[in-house]
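Some structures to go through are shown next.
Two complexes follow with chain A in common, the first pairing it with chain B and the second with chain C.
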Partner chain A sequence: MPTLSLKRLDKGPAQASPSFLSLRSSSFYVALIAGVCLLFADIEIISPNPWLELRAMGEGLLAPRIVSYSELLQGLANTLSFALQGMAVAVVAGFSMALVYRRWFIRAFCAFIRAIHELFWALIFIQCFGLSPLTGLLAIALPYAGTLAKVYGELFEETAPQPGANLLASKSLSAFFYTTLPLAWPALCHYTRYRFECALRSTVVLGFVGLPTLGFYLETALSEGYYGEAAGLLYVLLLLIASQRWWLRKGLLPLYVALAVVCLPPSANVNWPTLLQFFGEDIIPQPLRTASQQDLGPWLALMWQQQLWPGLCNTLVLSQIALLFSALLALLLLPFNSTLFIGPLLKRGSDGLLIIARSLPEYLLAFVALLLWGPSMLPAIVALALHNGAIVAHLLAGFSQQLYLRDDACRGVNRYAYEVLPRIYRQFLAILFYRWEVIMRESAILGILGIATLGFYIDSAFEEFRFDRAALLILASALLNMAVDTLARRLRRGLQLDTKADLG
Partner chain B sequence: MKAEFIAPGLGSAPRKDSALQQKLLATEPVFFLDNADLAYEGRVVLNQLCLSIAPGERVALVGRSGVGKSTLLAALRAQQPRTSAWCPQQSGLVPMLSVYHNIYMGGLQRHNSLYNLLNLVKTLPRPLAEVAALAADLQLDEHLFNRVEQLSGGQAQRVAIGRALYQRQEVFLGDEPVSALDDYQAQHLLRLIVDKHRTLVLALHDVAQALHFCDRIIGLKDGAIVLDAASSSLEAEALAELYN
Partner chain C sequence: MRLLPTLVALLVSFSLVGPIGAESFTFTAIPDQDASRLQQRFGQVASYLQEQLGVEVNYIPVKSYAAAVTAFRNNQVQLAWFGALSGVQARQRVPGSRAIAQGYEDQFFKSYFIAHRSSGLLDGGSAAVANKPFPLAMAGHTFTFGAKGSTSGRLMPEYYIRQYLGQAPQQSFRRVGFSGDHTRTIALVASGAYEVGAVNYQVWQAALAANKVDLQEVQVIWQTPTYPDYQWSLRGDVDRRWGQGFSAKVKAALLAIKQPELLGAFPRSAFVEADNADYEATRETAIAIGLIDES
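Showing the complex of A and B:
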């Protein structure tokens, strides 16, 4: 029988398939895996007298000092310039790629460039362009372009299809600019704003590897134990991020970007022979370079045994533990950030605390915790859990505020367990799986601080000028992130978890 | 809209042996269905439909809601996707754009992308004159630069009609185009639509409107065409049967 069907086909088979893991069992596995990882994690406190250090830090926080205003202004100007320029390039590149995001090779390319952390990009570009403005610009722009292309592309796909479908030339570029783009615009702006905040944090972290941002001065002050100075810089950073909504205006953006370019022209002394040497020779595995191909097998085996395997294991162990503690912290903080449980005044206070916790980059938090407890996984776990827990709690509290509860609904713990948590648990898991990839990326990076994750081996390889090893390890970390990204997306689909894309 | 074609002969050259086709060989029909089963969301709602609409005909589709009028209209549109002005039941406007831009959208295909982009950033005088004249006919001139999300339901429906009119085609397909308007405005706008198009197919729930503005009435009931007659031969009471 001939049939004409007008129903839109579902996007993918995973969408329609029943959840292969229930919400309950997926939560159980997150906890179980983290529990097993805890057995293998090294979480000693090595520092001889952590309390003394903590006291010194506390005193520093209470007595912030600004030593040199010219240094502070310079650091501030550089931080803003790097973030603005990097975002400007990333937005243009990401938007262009989002227009052709349906092509598989564009998707794969974006997945690859965003799977490499901005600090790793910085380490690569420092070898090519030195500690130049161009290095900072590229280190931000490249991974951010990949992320923005993905989010913009998904936003375009999610817009309502009717307005475009009603037009005579529904697939044209004009139709895109008249229907899809305006429909996606508010979400697009919202996400770009959030991403700019991330760029500010990333720029600060780039200071820790030598670029002259606030992070550079912060690192110097912290490692020398000038906690008052560090606190001064920290407060400036927090103010900068917290005041964003007042100074970050769409109309002023062209002016800001122009100022950023004037203030920090994206230049570098490009030494072409060095550049060619780096990409054409240095990053190629040593046995291949010296034409002793038969040594490639042993070289790879040795790398696997001594660096890749322990690096991968530690990265996974750290990230799974951090994921669990982020989740627990978020669930614990949620009632203290939702007016379903506390008054508006208390909510203001907890808002402030959560903003502080999520404004501080994990890397900075881990650096400070490391000063306290010495090099083990503990500082990294605490840093990752604090930062990500605060973000998840903030988003969950936002969801909970939208819930409508009956006037006679129960209160306190009962309300939390019976009315609120069951209703937002799906979103909770969705956000958590979004953060999973972020936590994995950061776990690798925290190795630079001396915890034996992939970043540790990558940083050491750069220090020893063994760029072939660094390239292999960075590739491994990129593949790991891409695998986790794919797995998390599968899980979200399988569990039919859905939140909007503004979660980063 | 994504349409899945399984029906032989649908949208392709009509079969010579069809008796219906013999009769219509004189003029090439605008729309032609031969034994087509039409489905909505995977469920067949209209069985073995035969239908031919010639140029110049003004057709009203009547019948209870859910009988398959929208499905039939969408199937007709799939036959002439680029040459039929389209006014769907769900207006599908872009809420954050102005009335002007939403109406202009109907004419995107007449200009190159650069011109359209420029018009999005800065209103161009020629399309403005055209759209403003149309908006005056639709009694929307006061709201020309208001965003569509600020309008009432009736106003939004008039914007959707404006967009379809600005597509400037000879054929008009409308799915309850005036359902949210009062009687007086509905009359006025249907007159406008009828005057500007040679061939029309309108799904209408108001029987009086159907009899007044169209010359052929197609009644649908229980998955089939149960009535197909000139409106001059019909009276409103005869159509009441369709709704029982």
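Showing the complex of A and C:
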């Protein structure tokens, strides 16, 4: 590993370089905008009487039940096969796209496929491949490929440029494989492992195409209020995720994927007429479809006035506030999850807690918060901040573990504030900008709170089979994604490049 | 990006006949309450139909209405147990498809509006539910529907809200949510998180019977007039695929179900005849509130 010698060259971030100042000011703006958004946020607290429901939940957690072991085993098999195959496709596709992530159209394409929630991808693919394993597989693989391309691409850009710069042909593919990739490898593995865990959770979608998974049973049990069953499934899912480090070995992966393909062959049911009708007719704006071609103008104006504009405002306000609180929570949790600050035993414990926090589905968190404080933006903010804060903290801790500290590095609060945080701050901002997108996407499933975000309207459009509206709204959120992506890029470019070697 | 299409093409070409979608007669059913253990409960129904029809019958446990309707349109399921609204949406997309049977209870289904004590809308249970007038004082409170595509949790309640309050729910109420599920609607109104909610009357009665409702906290304040709800919808082209008279056989088999364990899966006391005309009113209601377009 060339990392060691490199780090010794590093002049250390403790000096307040101009770049760190601009990092500071960009953080300040994130906070300021969130503050302004708070003024406009639809927040209200009423005090309902949630204890009956919360008691039922508590009792369920204390008395988990497994109703049917055959169902559980089948669910486990579906979940694992599906997550392995989905990730295999996503990693290959995402990695290939990451190699050319500098191209704007690749970035735009990735932003587009990321903008669509897995649920909606499943509904779109059902039109093409019917209710089939392939539909579920692609519903995960496609958005995950977009995400991996972005994260890998940015990791490659964040690696130290010096080793490559010393080569004669620094732009060649072999230069990439011998300089950039090895430097990015640990972070890349860490992220991919985390993403696999996300895939396990995302298997809820498979249930919607007729292949029940753990996530699907969990969702069903929760919405029916069978908390004992839900707790049983949740514990199995948590165990599966927490034990990943022991069973998910690189050497065994090919075997696993092969087994997964045998266990759940990605078959499909291609139905050309519906496929053609979907792309040729259903997603064409309604006024253009009718025999007497009406004007598109009024339809667009109505959509803008009734859904796009309010959806846009609510989405921006909600995601900005949720983002700020996720960031604060992550910064607070970071030292409790990194061996730079605590012992390995404590780290195991906090790993467990973070797994629980990020594995509880957002809609469950939102439901509990709704029971506690009544409907408004507040439960959404709390649910999204908890979920995303735990994820950001976990990822940041992973990055911090790869830092090389000098033997005489300072300790305690000083180490946190002057050594570790400045060195991973750029990664922190990059993850945050990505979480912004996630929050935007996830708001689609928080209709229970009655907050009309873009995602809320997309969900309604699919529910009403108005794919033309869905297409327009998805396009809008994709554009928003691309805008944020571009902004984040500008910001990172603008913020100096001399701290590049900080991660390694 | 050339890789992804190639991979997809590979996967498709190598794919075997999967666990679903073979040449068997396939149905799906999403009950309005207790969606757990679908496979087990409806597996029995599949065996029954297989016996009666003499062809292989499969059940697919789809839980999303949007997915179920699409599968019906794709001809991946030929028979489906739909709510009134999703049935209308599905049959609109498959020319020649018909509603062939409905639950006995579905001939006169209704929704309850339930309210929390804190709303000030409870009258102490003085009048029978059937005699209560529409609670106009509901306006301005917080309100939750069930799922967005539900007939009893969304369509009919919204129709009557518009009729009595004269404007859309979003204007009539301080806040409008979609709980996603009748059980959750009850939990949310019982806790007072939402002041008023609309719920399937059967789910409410089941919750009452299971002693899960505190009547001090939450009560029924109004019931909608009756309307037709769940029904079996069958594609029109099944006769061509499985022989003349197949659809009549399916209908007869459904109407003949008497076994309590099979009926309990839905749950209904019996199945009775139905046809598309029974759901014309549903279609008009959905058009009236802008949920579907006139076609």
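Note that the second predicted complex is superposed on the first by the 298 of 504 C-alpha atoms of A that agree within 3 Å, B and C clash if a C-alpha of one lies under 4 Å from a C-alpha of the other, contacts with A are read in each partner's own complex, and residues count from 1 in each chain.
One rule holds for everything that comes next: a contact is a pair of C-beta atoms (placed from the backbone, for glycine too) under 8 Å apart; a residue touches a chain by one contact, two chains touch by 3 or more.
Since the structure is predicted, the reported quantities are computational estimates derived from the model, not experimental observations.
**Q** Return first, second, both or neither, reflecting whether A:Gly75 touches chain B, chain C, both chains, or no partner chain.
**A** neither
**Q** More chain A residues touched by chain B or by chain C?
**A** C
**Q** Pick one for A:Pro143: touches chain B only (first), chain C only (second), both, or neither.
**A** neither
**Q** Given the touch rule stated above, what does A:Glu53 touch, chain B (first), chain C (second), both, or neither?
**A** After superposition on chain A, A:Glu53 lies in contact with chain C alone.
**Q** Touching A:Gln162, do we find chain B (first), chain C (second), both, or neither?
**A** first
**Q** Thinking of the overlay built on chain A, is A:Gly389 touched by chain B (first), by chain C (second), by both, or by neither?
**A** Touch partners of A:Gly389: none, neither chain B nor chain C.
**Q** Please write out, lowest number first, the residues of chain A touched by both chain B and chain C across the two complexes.
**A** None.
**Q** Which residues of chain C touch chain A in the complex?
**A** Listed in rising order, the residues of chain C that touch chain A are 1, 3-4, 7-8, 11-12, 15-21, 28, 34-40, 60-67, 69-71, 73-77, 89, 93, 116, 118, 142, 144, 147-149, 175-181, 183-184, 187-188, 190-194, 212, 214, 217, 291-293.
**Q** Considering only the defined contacts, which chain A positions touch chain B in the complex?
**A** Touch list, chain A to chain B: 1-9, 160-163, 165-169, 172-175, 177-179, 182-183, 185-186.
**Q** Using the touch definition up top, name the residues of chain A that touch chain C in the complex.
**A** Interface residues on the chain A side: 46, 48-50, 52-53, 67-68, 71, 89, 92-93, 96-97, 106, 109, 119, 122-123, 126-127, 129-134, 137-138, 142, 145, 207-212, 216-217, 220-221, 223-226, 229, 265-271, 274, 286, 363, 367, 370-371, 374-376, 447-450, 459-460, 462-466.
**Q** If you look only at chain B, which of its residues touch chain A in the complex?
**A** Chain B residues touching chain A: 1-8, 10, 35-42, 44, 71, 74-75, 78, 81-83, 86, 88, 90, 92-97, 101, 104-106, 108-109, 111, 113, 116-117, 120, 163, 167, 169.
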